[in-house]
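The structure is given below, and queries will be raised subsequently.
A, B, C and D are the chain letters, set down in written order, and residue numbers restart from 1 in every chain.
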Amino acid sequence: MNRTLLEVRGLRKSFGALLASDDVDLEVLEGETHAIIGPNGAGKTTLISQLAGNLFPDRGRVLFAGEDITALSAPARARRGFARSFQITSIYPDFTALENVMLAVQAHSGSSFRFWRPAREEPSLRSAASAILEEVGLGGRSGVLAANLAHGEQRALEIATALATRPRLLLLDEPVAGMGVEETQRMIALLSFLKGGKTLILVEHDMDAVFSLADRISVLVYGRIIATGAPEEIRANPEVRRAYLGEEVAA
Amino acid sequence: MNLFLVLEQALNGLQLGVMLFLMAAGLTLVFGIMNLVNLAHGSFYMVGAYLATYFYQATGSYLLGVSLGLAGTLAVGVAVELVALRTLYERPHLDQVLATFGLILFFNELAAILWGRAAIYTTLPDYLAGHVELFAGLRYPLYRLVIIAVGLAVAGLLWFVVARTRLGMLIRAGASNRAMVAALGVNVRLLYTLVFGFGAALAGLAGLMSGPIHVVQPGMGELILIEVFVVIVIGGIGSIRGALAGALIVGMADTLGRAFVRPMLATVLSRTAADTAGPALASMLIYLLMAIVLALKPQGLFPARA
Amino acid sequence: MNSRIRAIVPAAGLVLLAAVPLAAALLDQPFYLDLVRRIMIFAIAALSLNLILGYGGMISFGHAAYLGVGAYAVGVLAHYGINDGYLQWALAIGASALVALAIGAISIRTSGVYFIMITLAFTQMLYYLGISIEEYGGDDGMRLQVKSQFPGLIDLNDANAFYYLVLAILVLALFLGQRLVDSRFGMVIRAAKSNEVRTRSIGFSPYPYRLAAFVIAGAVCGLAGALLVNHTAYLTPEFMNWTRSGELMFMVILGGMESIAGPVLGAFALLLLEDALSGWTQHWQLVLGPLLVLSVLFLKRGLAGLVFAKNE
Amino acid sequence: MGNKTLSTVAIGIAAALLASGPALAQQKVKIGFITTLSGPQGVVGEYMRNSVELALDHLGRKMAGLDVEVIYGDDQVKPDVGKQVADEMLKKHQVDFVAGIIWSNVMLAVAPTVTDAGKFMIGTNAGPHELAGKQCNELFFTTSWQNDDTPEAMGKVMQDQGITDVYVMAPNYAAGKDMVNGFKRSYKGRIVDEVYTRLGQTDYQAELSQLRSKNPKAVFVFYPGGMGISFLRQYSEAGLRGQFPLYSVYTVDEISIPAVKHAALGQYETRYWSPDLKNPANQKYVSDYRRKYGKMPVFYGAQSYDGILLIDSAVRAVKGNLADKKGMIAAMRKADFASTRGKFSYNTNHFPIQNFYLLKAVTGPAGEDPVMEIQKTVFTNHRDSYAKECAMK
């Protein structure tokens, strides 16, 4: 029923002697929530940097909706509907929450080589951005400087920014990192709300989040995908348990 | 153009190159480790020249004067680091550029008050004056050979310190990961002060060596400073190897450009056109070179940080 | 109450600046007319620099280049007997924009210190070029025999008229600058400064926006150059000296980068300070230097930050 | 936000305007003296200002019974700053005379400003050909020389000595080319090569290697200020001093000699003035300058000293009636004062008609620096080459 939205074939990237991505193959289906997990140093960051276009592979291809995007820059991928959030919160601290989101809306609605009219007075940008802030639960905080938001709110703002680009695929890099229990719950609720409507790639350490959200999981160890499958399959996979899950589940 | 002349000009280029390297080494280290853009680096060049001249005249001994001049520049460098620059490490480059621009005005005026605005008298001891016959027909000033030797020796010493000693290990580590060095329990502040002081002393060394053949006057550091920035930008900021390569490239390009651009232009253009275009081109050559290098490699030839 | 201040203060400032010619005439002190006119010209240049430096985060250490290009455009045309102001000023703006396009196209590929240094290097090249062109006076420069002619519109030899023209251009630059930084384009420039990675990942390539801003800033500064050469009635490569670029940066920082009008304040502060200090002691740089260091260290938001409380 | 800061600025200006107020009209001779006082080039300005002060001392700080006030201005070697300072002097201090100016480019920007305002401009150094020729002005006088005079004198020296195969070097800027052109006007022998170096360059090793390879008979250079000091040191150090005789203009003077000492020995210069010129005015100037400032004076100073005396002669001639411009012009044209160069007269373009001498740097008295010594007179009552282009008669 589902088409492949993102396809990665034979991706390889090395830094000197270190092979950070070792013939990675990955398929993300339209509409699914696909988690990528792996122990520290497994090469997750390198992999997603190559997916998002912040880093270019030595070999291999990345296909997005059937198009080869291997050589495209991050902005070009973003314009094709590939959005991402960052492990370390990446927002505009000196803009208000609303302005943060409006910029992302602006990026996908017409030319930005417009010099005359104040952007903040464009009703279409405003209303679209307000609606998205509402959606992620920041409706009441739109006028606050992003720097003054709480950590959890900043994470939500970042997701709002990504959503505002009307993406076909949303890559979330550790969305609950550094959050307290309550904030984590709120974020999981938000992501559950998004799930289904959007294709999500979730890179996460928090196993509660992964297992409650993911449709499928890929396990990355030493730069290789050692298993891909539904959560139960992954839980049962002996190789995964040995290499990675075992320790944490046991503990 | 005969072969000897080209050889002699190459020696001249080498000599200018090592001089630039002495300046560039400190500047590039300070940037690589402390992330500080220091426009006032030229001021240490000036301080070195003034202090060495002062101590040489006061003591009557050239070697003593040079040693005291070096030590004095080191002390001034450390003092400047402690008083003014330390607070700038975490600030944006813009603030650094402007604050150190302010320091230039201060040092130039201070030198003018202490020693007057006129150039002061400096000279060489007899044993450094005179010439060496390198080949039949190629006489070269002894002092310039000494500068080349000292410069290459310092480059070798720097390589040894950076590549082979614990201090060098810290410097290399500091350039790539400050937090890690701090976590190792190293007194980072002290390390910074030391690096800055020695960088200043190297600039002072360049200044005091140039004193007797150039001119010791307020503002002498700025003329060379911009060229030194060209050097480290071409080489890749933060890289000692890049500084050496950049210095030699700029030294050679500038010298050979001054010597041969006009005669070469004259072979294709009219005499008068060459007379106009030659000097203009020669004086723009190193900037042109830098623009080309950066257009091709925006991080310079040897980027310090991948 | 901040908003009320923000409504009243610009109007009051404008009225006071507009009153300078009258006050100068009443007090029989025409010198102040010249002084304020010169400062306003530098304020326009500093304001243009602030577009890329303060809002765009591009630390150009070579902005004086466009001051020079603008001045040379006027001076060179006048040298060949073409005194038509429209043509001269159009060339000043066009030529500076072109030069900025060339310099920017290469420089903006670099970042950080490399950007600072490559912009400095390009300006040094232009400076040496200016010195070498004998036809236009070389290092000596040359006198602008006839000021730019705007028949039927304005006579620049009339000190008051020229003053009001500069004031009008300054006010226009402030107004347009404010529109620009608030526009879609301005938001992208500011976003790229604030967080480049984020900006790229929402789909903006900063390069074309930065380049456009660089060209706009160059063009405005070129106009300031055209004004400056008419003000001094003298053309000299000194306009492109690297210390001049440093002074422009100081005006921006001293005044404050967070507002469009900050650099104007900075221009007034720096040039008045220079004037006062140099009248007081020949060692004025000994005082000015540390003052500048202190202002960088302690006036993080510039003078504008001192005068007005943080607005959000 | 908007132009919120604008107003603060304007308030400041208004306050400044009110505070200063109009200068009270006093019966005083006001002279604005513009030179370079800050930065590396400030050294020349220092000699000029000292000499102005010495002249005032000698005049008892009065001219025709009126008090004299001199306001000093710093042009920072920038033409636009110089013009700004001149405007300030004319409009704020309302001076009667502007004097000084080291640099041709500053002079070309300042002189029209002053003369257009109907005030006197007394140049005490820069003598660009524009002001000697087409742009000459009845209110402009200079106590120095026209830029071309000095190299013309040196060209004549070398021509008369029958020197051929001269190697010529100068910095690559307008004055450098002017000097070489002046030289070539009177030197007609063969020129081996003409080399222009970067302005402000301090290392000449590459050029000196080229020079040696061309094996000329003599070398003519123009390297003012710090460039000259570097050049002379490196010329000696490269061992060329004994090989190729060096002739220069504006390269060796009493400012550079203390910095190069023996490296200057044997150097030839041409000049209209020298400390050893035997006339009472000069002997008094030199000895009083040395007593007051502890240094040898330099021609920049002598010209400035003369500039003040020239103004004094005019003010005395009109008995302090500063409104009598015609009277003062007439008085100045007579050059009726005790000049440090001895008696001279003014040409129609208000540039001096004066002698030029060949000077040589020779060993000074024991324990002292080398001194410039007059060898012979090169030009007697020399007129500059541009006066014929000047419309004044």
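Following the convention adopted for this analysis, a contact is a pair of C-beta atoms (placed from the backbone, for glycine too) under 8 Å apart; a residue touches a chain by one contact, two chains touch by 3 or more.
Predicted model only: the values in this text are computed from it and were never measured.
Novice: For chain C and chain D, which third chains touch each of them?
Specialist: Both chain C and chain D are touched by B, going by the contact rule given at the top.
Novice: Per the contact rule at the top, check every chain pair and give me the one with the most C-beta pairs in contact.
Specialist: Per chain pair, the contact count peaks at C-D.
Novice: Kindly work out which chain lies most centrally, taking the average of its C-alpha atoms as its position.
Specialist: C
Novice: Measuring centre to centre with CA averages, how many angstrom lie between chain B and chain C?
Specialist: 32
Novice: How many angstrom between the C-alpha centroids of chain B and chain A?
Specialist: Using C-alpha averages as centres, the distance is 48 Å.
Novice: Just curious, how far off is chain D from chain A if you go by their C-alpha centres, in Å?
Specialist: Once rounded, the distance between the two centres reads 72 Å.
Novice: So what's the Cα centroid distance for chain A and chain C, whole Å?
Specialist: 43
Novice: Scan chain B for residues touching two or more other chains and write them down.
Specialist: As it turns out, chain B has residues touching two or more other chains at 108-109, 112, 279-280, 283.
Novice: Of all the residues in chain D, which ones touch at least 2 other chains?
Specialist: 38-39, 42, 172, 198-199
Novice: Can the chain contact pattern be summarised as a line, a ring, a star, a complete graph, or none of these (other)?
Specialist: Graph shape, chains as nodes and touching pairs as edges: none of the named types, so other.
Novice: Determine which chains touch and list them pairwise.
Specialist: All chain pairs meeting the touch criterion are A-C, B-C, B-D, C-D.
Novice: Touching chain C in the complex: which residues of chain B?
Specialist: Listed in rising order, the residues are 31, 37, 84, 87-88, 91, 93-95, 97-99, 101-110, 112-113, 226, 229-230, 233, 237, 276, 279-280, 283-284, 287-288, 290-291, 294-295, 298-300.
Novice: Could you pull out which chain C residues touch chain A in their complex?
Specialist: Going by the criterion above, the answer is residues 179-180, 182-188, 190-191, 194-195, 197-205, 209, 212, 312.
Novice: Under the definition above, what is the set of chain B residues touching chain D in their complex?
Specialist: Those residues of chain B that touch chain D are 2, 5, 8-9, 12-13, 15-16, 108-109, 112, 116-124, 129-131, 139, 141, 143-144, 210, 212-220, 223, 255-256, 258-259, 262, 275, 278-280, 282-283.
Novice: Applying the document's contact rule, which stretches of chain C touch chain D when the two form their complex?
Specialist: Within the complex, chain C touches chain D at residues 5-6, 9-17, 19-20, 23-24, 27-32, 34-36, 38, 128, 131-132, 134, 137-143, 171, 174, 178, 228, 231-234, 236, 238-239, 241, 255-256, 259-262, 264-265, 268, 272, 275, 278, 282-285, 303-304, 307-308, 311.
Novice: Residue numbers of chain A touching chain C in their complex, please.
Specialist: Against chain C, chain A makes touches at 52, 54, 73-76, 78-79, 83-84, 86, 90-96, 99, 102-104, 106-108, 111-120, 122, 145, 161-162, 164-165.
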